[in-house]
Amino acid sequence: MSSATAIAPNYELIQQDGLETSLLEVSMGPHHPSTHGVFRMDVKLDGETVVDLQPVFGYLHRNHEKLAENMSYLASMPFTDRLDYFNSMTNNWAYALAAEKLVEIEVPERAEYLRVIMAELTRLVNHVSLVGFFINDLGALGTPLLYAFREREKILDLFEQASGARMMCNYFRFGGLRNDVPEGWLDRARDVVDRFPDFLDEYEKLLCENEIILSRTQGVGNLSRELAISAGITGPMLRASGVNYDIRKVDKYSIYDRFLFRVPYSDGNVGDCYDRFMVRMLEMRESIGILKQALGGIGDGPVLGNAPKVFKPKPAEVYGRVEAPKGELGFYLIADGTPKPYRYRVRPPSLINLTVLRDMCLGQKVADAVIILGSIDIVLGEVDR
Amino acid sequence: MSLDLIRDILIATVPLLVIFPTLFAFTTWLERKALARIQNRVGPNKVGVPLTRYGGRFSLFGLGQPLADGIKMLFKENIVPRDADRLFHLLAPILALIPAMLVLCFLPLEFPWTESLLPVQAFLLDGAVIFFFAITGLNTLAIFMAGWASRNKYSLLGGMRAIAQMISYEIPLVLSAVVVVMMVGSLNAAEIANAQADWNWFVFTPWGLAAFVIFFIASLAEINRSPFDLPEAESEIIAGYFTEYSGFKFALFFLGEYIAMFAISGLAVTLFLGGGAGPGVAALPWLSTVWFIAKIFALIAVMIWLRGTLPRLRVDQLMGFAWKFLLPLSILNIIVAGFAWHAQQQASGILKAIIWVACLLILYATAKGLDQLNRPNVRPREYKYAE
Amino acid sequence: MSHTVGHEPILGKFPGTNWDEKAGALVVPALQAKEIATWLRDNDAFLLDYCSNVTGVDYLECEVKEKVTKEDGTVETVTRTEPSRMDVVYHLYSMQKQTGPLVFKQRTKREQPEVESLTPVWRSCELQEREVFDLFGVNFKGHPDQRRILMWDEFEGHPMRKDYTEPFDYEWEPTPHDEILQKHQRGKVIV
Amino acid sequence: MSLLGGGIFKGMAVTLRNFVGSYFYKDRLTTNDYSWRPSDKLPQRAGEYPKEEGEQLRDTTTVTNYSRNFPMLLHDGSEPMDTIRCVACQICERECPPQCIYIEKSTEKKENAGGKPQFFPATFDIDVSVCMSCQICVEVCPFDAIVMNSQFELSTPDRFGGLLLRRDDLLKSNGYYHKIHPEEATARDKRIAEEKAAKEAKKKAAAEAAKKMAEEKAKAEAEANEGTPDMEENTE
Amino acid sequence: MSEQIAFWMLSAIAVLGALVAVRKRNLIHGVFALMIFFAALSGLFLLLLAEFIAAVQILVYIGAVGILLLFAIMLTERVTGDDGRRMTSRGWFWGLVVAAAVFVILLLPAIQELPPPEAAQAIDPSVKELGHKLMNPYVVTLEVLALLLTAALIGAVTAAQGVRIPKEEDSSE
């Protein structure tokens, strides 16, 4: 335990036999095709081997927290969409959850069901496109990615019908949802969810046994169980390292205790890119299970509780967190009795999962650094905020 | 030097310089279209002939796209990095194109109008096959030149990868061709093609099949096609050696790459797939040209299909695959082919079939064993679930 | 919901700490923080092996109105001045026992704040403490790699502090939006 | 003992199936042809694309009835300024998260959709280069005066002026709103009608109750309430 | 006639290439000039109807030796080679003498035993014949050479493995 918390040792190129080689310093990013945004890695290479790697952040920094501290509680809801722009629904949810803790609003049951449905659809969207991007980083010519996007479109269509926007949904409100889903939406959602497993079968056939993918991902970017816990890794990445920790199970927030679902995790021997990839593949199946139960159990009713029109909580401190597709997304709010939060803090899973990037990349090939970054699953909107 | 000779040389070579670039244009369209369909997209479908603005009505499945691309490439700005070696930066794309074009002469591609001419075709050379390999190897230089002259770290990495990869894969490439040369007893391309008349294609023999598979894989690496496109790996090193190329120079690289694709497919067709042999050739000799090009396109279709399916290998795995898998297998293939060929001289009928099956088994078992040896721990895993 | 962690044993063991009831947080003097953190991580009763969230909170000096109940039962509003301070807040969870959160605050002065880095205890603090250093200017003693993380190295000031004012934007160019913004800044619209 | 290269062959089978399937199944080829083509004349201002209201909606594949893009102002009749619903209360301006709305209240009152003299926006600008389509202005509006448009062809050669939508660009009829968001518009109209009916019933009840007490006094009270009924609730 | 023209052109290219290779300060340029020289030499072989030798010249000298040189240069510190050092060494006089001597020694037998043209035409160096010669009378020489090359290969691998990054004990346990 204690050894894992230490900072990774400084790998130095040790010269033997007096053969002198020099290191190649490459600045990968901020405009590199596979850094998933404006992320930069200062990489020192010995031939093709990574001997040092420094992540550089901040190219997309817009001080989201400061912005939010200068506007009303509701007004920063649309800004949370822009954090992890793949998963605006879960971002909304985390923020709504924290704010609801501040004022203790009851959320109607139908809204809870819809929230779960939206969150799990978001998880499908995120994981399916992440796997596509990951295989793209491995060098495939976008085929898995485009299959993923083909399926993602169907879910985004659902989002659009419910909230009016495909990605920047801005759908959750303190105490429920902005509006009810339109007529027939649930049937369409059932249709999409029912057909999703067929796609997953095909996807698994395409990817999970491919020899090249197996040999590219296995044994690459190993992350031990101890380091993963200590470094605060969350989400599928943590479970790929063999820790069974899912906030849906631990906190049982919302109505997750009503659904039967399993949490896939690895045996923790390696915790490599393959584990991270497979855990996400398996998680999608569980999400489909939750979706089926939720779409079966949803009843009629209002979707917005009696939230106060002007949101002016009493002084308090809360920390609300949800299991976002990328990990634990938390919002830490300090209210001081004014309509604006005194302190508004986002706990970004993408940024914290990057803590171990250097540890995982050292000693690997430069091509591995790219897929390790891909397997961490970052979105720069959230890393830099 | 007689004028006839010059005329004949022109008649023999100019068609190559016209037909193959045309085919290149068609192939780029084909590849984009096929990849698009594999990925469930539509692909280029707007630009018609001649470049209609409001595609739609006359779009002809977007066949005008290559032409439009070519015009775009011609008029793009030619950007040379400030620190680049300007001379080599200019020479590299040209040097990439020349060997690719040159080796086309070594393919036994007989056009109907060349029959009555003097025998000027290069494939009649005694060592045509070895010439082919020698000149293909020059491509490496061009890529290195491009990578080095660009003064870009990604380009340099791409160049280094290209050299290592192409040299390594040249060995299994040549060794798998040796089997065919051994069987025919000649390095002359025309003789090799003629030896496969009447459906005696080498790909239908066990050693020929193995050699063909090795040849095909190695040729993918040789022409930097997916899954061996490491020198231009987009997700790792941007575009590799041609990161700093734009406009027409880039187009030349592109052209060179595709011509090399034709050339190496043509050699595979010559060595294993019976050259121009095919139904109806006896009656209509010009059909042999059609068959030859059709077979080339069949191979290219497989390459496109592979590109649409596979991710790429890593550098060390790539080298390991060449040296630890393809090389031993191709050497074993030569030995097996030698023994089997001598054994089947006396045998006939059932015995011959047994020999063939035995050869196939030996080769497959070896391949499987090598695979196990190289990647002992790589296999799908089981995962646990928490309720 | 989450299983809360009992804080009484900590207060008993470490006399310097106190419990902030209003915030629900354990307030720890900056000197003792590392020792307490290590104890919390390794002690079997807590096993808080997962530090989820690290952030700073900047409190300016302000006047607080409080309702005080006197002995005779009358309620009176008292105004007192709250001194400025800087908090560094850690949210601790236990993955093994699946409990948490325990809010752990290092409290320090606002001018040139300095606290103990907890990165040696929890690796997850590494980037987040860098962020607090960057945006709040809190100096973390013992942090292995304390540099700016989100702002560029040459940047001056700490933007998340409450008294931070924007410098002149040298990339400014006029847009119709300026009109709108100016109106907002003129205070015509009171938020 | 698996086949050598078996995973690769399986993958190739999948891609082949997709290749062939893309010619036969709509499911596998989800790309839609974006059939609207630019005319020869470039628009000089945002909002000049499609020439008729709702023209782009012929292409139902690119815009659904639920999608939102930028806000628009509703009016009820044929003459926009006479039936504008907006009373320039400036709540949306205040609540707008990126602060992209600019309103100036008129100095004199004018009869509007409700048939009563009201203020109206002398200026109502939305900078769509800043607007982030969050729909918060729609939610906070007590008069149902601002709703989301789904028009998205807004490109213009003028980067600054062209992307500032003026009041007259923003004004759209309720009929147009019904055309682009039929469900939402119907629901909204229904709610407005209900509220109106409820209010009227309340007024009637209040009036009747007041009649018993003192006729003149009650009437005056009711009129005062009508003037700015929702304003006080929301303004704080 | 055409052969004459080709011969002179190729010779000129060869000499020029060799001169550039020696004189050029930029190492990479030098190597490429050397390759031009090799290519011209291969052309000269073709003129002598020794096509196999010509092919091997390209395959081995350009394809292998040249690239090996490039690799060696890549691994040195100054890839560009523009370090402005004096390129003529002090021993240029003795170098010239040695070069002249080698030239004369090579030239002497060529002048003395020039075979009659008919004889030269009679030798048709077909690839098949070359193969038979290599495999029958000269098989021992060939095998010894192969052994030598293998030894060199193994030596190269051993030398190359000298530099490696020490990895932390892997977490695979």
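We just call them A, B, C, D and E in the order they show up, numbering each chain from 1.
Methods note: contacts are C-beta pairs under 8 Å (C-beta built on N, C-alpha and C of every residue); 3 or more make two chains touch, one makes a residue touch a chain.
Everything quoted here is computed from the prediction, not taken from an experiment.
Engineer: Please give the intersection of the contact partners of subunit A with those of subunit E.
Structural biologist: The shared contacts of subunit A and subunit E, listed by label, come to B.
Engineer: In the chain contact graph, what is the shortest path length, in steps, from subunit A to subunit C?
Structural biologist: 1
Engineer: Would you mind telling me which chain pair, A-D or A-B, is linked by more contacting C-beta pairs?
Structural biologist: Most C-beta pairs in contact, of the two: A-B.
Engineer: Report back the single chain whose CA centre is most distant from the CA centre of subunit C.
Structural biologist: E
Engineer: Going by CA means, which chain is nearest the middle of everything shown?
Structural biologist: Per-chain C-alpha centroids ranked by distance to the global centroid put A first.
Engineer: If you average the CA atoms of subunit C and of subunit D, how far apart do the two points sit, in angstrom?
Structural biologist: Taking the mean C-alpha position of each chain, the two centres sit 41 Å apart.
Engineer: Need the CA-centroid distance for the pair subunit B / subunit C, whole Å please.
Structural biologist: For subunit B versus subunit C, the centre distance works out to 62 Å.
Engineer: Would you mind pulling out the distance in Å between where the CA atoms of subunit B average out and where those of subunit E do?
Structural biologist: So the centre of subunit B lies 28 Å away from the centre of subunit E.
Engineer: Could you please state the distance in Å, as a whole number, between where the Cα atoms of subunit D are centred and where those of subunit E are centred?
Structural biologist: Going by mean C-alpha positions, subunit D sits 77 Å from subunit E.
Engineer: At least two other chains touched by the same residue of subunit A: list those residues.
Structural biologist: Answer for subunit A, listing residues that touch two or more other chains: 71-72, 143, 147, 150, 206, 208-214, 219.
Engineer: Two-or-more-chain contact residues of subunit D, please, as numbers and ranges.
Structural biologist: 8, 11, 14-15, 18, 28, 30
Engineer: List the residues on subunit D that touch subunit A in their complex, please.
Structural biologist: It is residues 2, 5-8, 10-11, 13-15, 17-18, 28, 30, 64, 66-68, 95-97, 132-136, 139, 148, 183, 233-234, 236 of subunit D that touch subunit A.
Engineer: Under the definition above, what is the set of subunit B residues touching subunit E in their complex?
Structural biologist: Residue positions touching the partner: 1, 85, 88, 125-127, 130-131, 133-135, 137-138, 140-141, 144-145, 148, 160, 163, 167, 170, 185-187.
Engineer: Can you name the residues of subunit A that touch subunit B in the complex?
Structural biologist: So the residues of subunit A touching subunit B come out as 24-26, 32-34, 45, 48, 135-143, 146-147, 150, 206, 208-216, 218-219, 244, 246, 249, 262-267, 274-275, 278-279, 282, 365-368, 370.
Engineer: Write out the stretch or stretches of subunit E touching subunit B in their complex.
Structural biologist: So the residues of subunit E touching subunit B come out as 1-2, 28-29, 32, 35, 51-52, 54-56, 58-59, 62-64, 66-67, 70-71, 74, 79, 126-128.
Engineer: Considering only the defined contacts, which subunit A positions touch subunit D in the complex?
Structural biologist: Subunit A residues touching subunit D: 71-72, 74-79, 81, 143, 147, 150, 153, 157, 160-166, 168, 170, 178, 182-183, 202, 205-214, 309-310.
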